[in-house]
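In the two assemblies presented below, chain A is common to both, partnered first by chain B and then by chain C.
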Partner chain A sequence: MSGEGLVDAERRRFNRLALAPSLIVLFVIAGLPAIYLVVISLTPFQLVNPGSSTDFSSPLRNYLLLPGDPRFVNSLWVQAKLSFWGVLLQVLFGMLLALLLHTQSRVVEFARTLFLIPMVLPPIVVAIIWKLIYTPDISPLYYAASLLNVTMPSLTSSVDFALSAIIIADTWEWMPFTFLMVLAALQTIPEEFSEAALVDGANRLQIFFYITLPFITPILVISGMFRLIDSVKAFPLVFLLTGGGPGSVTEVTNYYAYLLAFDFNEIGYSSSVTIVMLLLVVAVSLGVVWMGRRREAMA
Partner chain B sequence: MSGGMSGPVRRSASPRRLVAIGVTLIVLLSPFLWLLQMSFKSNDLILQFPPPLIFTPTLQNYASLWQGAFAASFVNSLMSASFSTALALVLGVPAAYALSRWAGRGKHALSFAILVTRMAPPIAFTIPFFLFYRWIGLLDTVTGLVLVYTSFNLPLVIWMMQPFFETVPSSLEEAALVDGASTRVVFLQIVLPMVAPGIAATAILCFLYAWNDFFFALILTRTNARTAPVAVVNFMNYEGWEWGKIAAGGSLVMAPVLIFSLAVRRYLVSGLTAGAVKG
Partner chain C sequence: MTKKNSSHKSAGFSRRALLQAGAATLGAAGFPLPAIAQTKPFAGVTLRGASFQHRFFTLLQNYIPEFEAQTGMKVDLQLSAFPVYNQQANLELSSGGSAFDFVNVTFILAARWVAAGLLANLDEFTGDPNLTPAEWSPKDFVEGAQVPYRDAKGATYGYSWEGGAMVMGLSRMDLMEKKGLKIPRTFAELQQVCTEINGTDNVNGIVSFQLHHWCLPPYIQGFGGNIFRKPPADIMPTLNSPEAVQAVDYYANLLKNYAPKGVLTYTEDQARQSHMTGRSNIFIHSSAWITPILLSNDSKVKDTSRVVRMPAGPVHDYPAANSQGLGIPKHAKNKKAAWEFIKWALSPEISMRLVKEHGHSSVCRRSVIESEEYRKLNTVNGQDLGALYLEVLGLPAKGDNYMAYRTVKEFPIVGDVLNKAFEQVATGQLAAQAAMNAAQEQAVANLRRAGTTL
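On to the complex of A and B.
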């Protein structure tokens, strides 16, 4: 029927008109910058030396320098430690919190919202909050320690504790995220499962390990992966609490790239560091998408 | 055991559990509450230990903030967050509708591209934007911030609005089309009003993401377009550690976020996970 053909053509024209502006704008403000970043990473561009932005004489120079740069290698290692402990603690405590709050009560439902506060705070405010906690003169933590006759070292300027201080603050900020995801998963477990297990004489610990845990494992993995991706972005905490120090104990790759570009003016080299970081993020994101699809296929 | 018969996984709360929840809540929120109480104290009182349990709250920190340059930064934050939200909605809502009605190839590739834009560390965009703005003179302008914020808000809108459009029954649209209405009219007069709550939730999330930004504003602004988060941090560097003002500034920056995000908490997770998991 020609009428339907007309409707289809009209619908296609509408779709094109609706999509085109977004795709063009996205290309200009996300696509072009990404391409430009790659191009710049092939030059030895320094801000003080404008001519260097078009110097493609040895395009892979930056990338070849990377493996021999001890500060870059160290930053990857710091990032790995921060990500590993941060994700582990967030998944563990988020799960425990979800188990604690998985119950039916009006009061508890209201409390759940309050538990989300650390996650929704602006990241810089989280950094300010922990700056207060870690500054000895004004910190209730140091006061409490002095009451117990414990002399606490200055956490954020200590080689041994600076990274742990950041991990603690990061865990505080993002535990609500894993909590929320796990809670959603817990609410989908059919009650008959644990009821049947109870009738069979299983205790609570057994129910947790044989019923609850297998059920929520996929969501634990996925929320952990999301935190893993986002942990690469940890900037305000490092910026405000330690500035990457002492030395380069807390200098994550993101922070190193920032220093390179906007402190040392090594734009070209910083871009190559950023590209490597971006590739790592894309690899993890692909993993998340793949797992999400597999989960859909299984469901 | 009557309370336990509904199953241990989902029973009603026992008093012991309620106490445990209360204690956990107080412990977890104490760092946040510490900042809040500090913003109502004079500087002498802040340095006083043991901290007095009862003190006369003062608004002097907030008053001095409002008389200083902080007010202008607050307005900059409001403007850049609102404009980028509006721009992202105007562009992204029709695109999300078209995508939700489109079963063609390329949908997965497009979703993944959108996911990557959301996941990329901000520094990846900062370097090109910084160089480009320096060249065309958009450094330290609200316009510059709006464009950067749109680069992550537009993908968020496109991704978040699709499920809302999918809930609109296609029979409604077909009936109107048979009656001779154009797709544009169907979209504007039938579909859009039905997804209004979704648009509101998406708008709030966009606003929050832009409002919360620190990194872009730190690098792309100096004094004219400086946003509130950057202004608060500047209290630490230049004005000699005025803890009362820092606490008050921090509290002001988090106020809109707390109000809005509690209003849209149902959508918080889907906004954060941006595409890979279907809630």
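On to the complex of A and C.
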């Protein structure tokens, strides 16, 4: 082996050694619980029957039951609707807000800070705020509507509005994330491009579609993907605003998994639901990584 | 002289006595006598207990320093929100943990915990005169409130601190009297009163809250149905029986037509608030939630309220009753010390003090509830609330235990399905028959998945 080859081998060895502690910690923190979850999902484990945690007589039983469980299938569909509309609105309104506040002024700077508040609030606080807004007896929204002689249905217990109510609250909470990402992207666009386009006679709309949008598209996609992954965590809103109801209209998959584990004690079955959810999230995450690499390759 | 001598002698004796007493004290501190040790056998023990937040424990905490002084123990009582506590205790007990010396035995989990052998048999304590004096009297607890804490052989695993007897509160008797309406005694009359009152003076006919599997079963049973075929022996769900369908339809119509907007997501607090402010006329729930219309200082309808038995169905009159108890985990480290605490907390003396000093009337000691003092304190506008409470609480123990459906360990699974089905009917997603057919199918599938043999 040449001297350069030896140096490379040494460097690789050093890198491996340097990475090892982090990898071990990561494995213990994230890997082991995930493995345990997979193992438990292969059993009919119930809390009140501890012996069932080592019953591997029918390891695929839980997974085979999943397609025939209407609540599980429904929960996936509810999750898909919540994620799609939530992410779409967050990206759209976040972008519009960023375009609106992409100017230099003290007032605008203050407004930017103000708009970030929902994102930094603890999720349970957000849920309580919206619980107050959606409760007809005490809500300023309903009071204002009554002054205008408008009769509003109870949003969280209405079949037609319950999911929308959660999407609105989720959008309010997380729109600042997209707003922040897009604002950062907007600030990297060289002024010269817009100025040149203006000189060439382009109007504001054309500048947006031919210069701004191509620049911020990768950011929109990436932030959308991040929000898509995160949208699975809309648990506090569902828990506090609707409890999954009315019926199963707002019962997302993680809420169903929670009920299975903690209300019905079916830890094994709940684990299998969680594993399926985990796989779906991993698939989306891989999509994000792939897009990130593609973007780097294109750059 | 004699007097002087006597005085001198007395003074000398005092000094000597003082020295002797000091020496004796020091000696006793170094070598405690068995007699002294026996008065506080658990001195130095820290008892760890857990429950969900409830007024009973908030009040009890005022008295705990007295218990600590009497016994030399320290009580570390952890109170959490209802669902949080239930999950935590369920995990702790199921995993054979010993973190707690005493726990609240939540009504809906009692059967599960008792059947799985997660609690200590308290008969071992009550049966030993050295551990439990006769005057503590386990039989003094209202029989209906004790049913959930017994196993099939009759062994006791908990003693109740709270009784929940379902009663009906009417907050706007003034409106009813104006319209010539009487207190409803039947389901049909209930509907009629709701129809007549709803909208009058901006008052809703009825209010309820989101725990439908607590509010709905009395209607199902009133129409002649049940949740299971013959609980606790036969737990085949009977959610799509004609009676159950009729009851769901009836109760859904009540809430759809006469309750405040958003009632399906109402918490108990919201419902009580609506009732106490007179915004809703009728509320049917446990007495602890209903009697504040007469007893609470926050009530705006004290003068126009009545609390009575809930209306009877065409077939049966089955108001729901439940209780919450204190028990000792099977693997608790300080079982005897924990029993000392339970004995003290549920003693007739503490129960009476809670009633007298704080107006907390939902205790489970019959001797307290039947006492003259209790009757005086709980008779408002001529209504003997104690007698009503005792009457309803005792019903399940008379003849058929109609509350048995709620004490089977599979109930949470079926109850959740019932909740969902009811909401589907109340929001118009499905007709009652279709919803209950689907619920029946789902309940059976869920029970089988959970390993229940039907």
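Note that the second predicted complex is superposed on the first by the 273 of 299 C-alpha atoms of A that agree within 3 Å, B and C clash if a C-alpha of one lies under 4 Å from a C-alpha of the other, contacts with A are read in each partner's own complex, and residues count from 1 in each chain.
Operating definition for what follows: contacts are C-beta pairs under 8 Å (C-beta built on N, C-alpha and C of every residue); 3 or more make two chains touch, one makes a residue touch a chain.
This is a predicted model, so every value here is computed, not measured.
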*asked:* If we overlay the two complexes on their shared chain A, which of chain B and chain C does A:Phe264 touch? Say first, second, both or neither.
replied: second
*Where does A:Glu195 make contact in the superposed view: on chain B (first), on chain C (second), on both, or on neither?*
first
*In the superposed arrangement, does A:Leu89 touch chain B (first), chain C (second), both or neither?*
neither
*Could you tell me if A:Ser154 is touching chain B, chain C, both of them or neither one (first, second, both, neither)?*
second
*Name the contact category of A:Asn49: first (chain B only), second (chain C only), both, or neither.*
second
*chain A residues in contact: does chain B have more, or chain C?*
B
*Should A:Leu220 be classified as contacting the first partner (chain B), the second (chain C), both, or neither?*
neither
*Tell me which partner A:Ala98 touches in the superposition: chain B (first), chain C (second), both or neither.*
neither
*Taking the superposition as given, does A:Ala111 touch the first partner, chain B, the second, chain C, both, or neither?*
first
*After lining up the shared chain so the two structures overlap, which partner does A:Asp137 touch, if you call chain B first and chain C second: first, second, both or neither?*
both
*asked:* Can you give me the overlap between the chain B contact set and the chain C contact set on chain A?
replied: 137, 262
*What residues on chain B touch chain A, complex-wise?*
6-13, 17-18, 20-22, 24-25, 28-32, 34-35, 38, 46-47, 49-51, 91-92, 94-95, 97-99, 101-102, 112, 115-117, 119-132, 147-148, 150-151, 154-155, 158, 177, 182-184, 187, 208, 211-212, 214-215, 219, 229, 232-233, 236, 243, 246-247, 250, 253-254, 257-258, 261-262, 265, 268-269, 272-273, 276-279
*Going by the contact rule at the top, pick out the chain A residues touching chain C in the complex.*
44, 46-50, 52, 65, 68-71, 134-137, 153-154, 156-159, 241-243, 245-249, 259, 262-266, 269
*Which residues of chain C touch chain A in their complex?*
83, 86-87, 90-91, 94-96, 112-113, 115-116, 118, 210, 260-265, 270, 273-274, 279, 409, 412-413, 416, 419-421, 423-424, 426-430, 442, 445-446, 449-451
*Quick one: in the complex, what on chain A touches chain B?*
7, 10-11, 14-19, 21-23, 25-26, 29-30, 32-34, 36-37, 40, 97, 100-105, 107-108, 111, 113-125, 128-133, 137-138, 140, 143, 172, 177, 180-181, 184, 186-187, 189, 191, 194-195, 198, 204, 207, 211-212, 222, 226, 229-230, 232-233, 235-236, 240, 254, 257-258, 261-262, 267, 270-271, 274-275, 277-278, 281-282, 285-286, 288-289, 292, 296
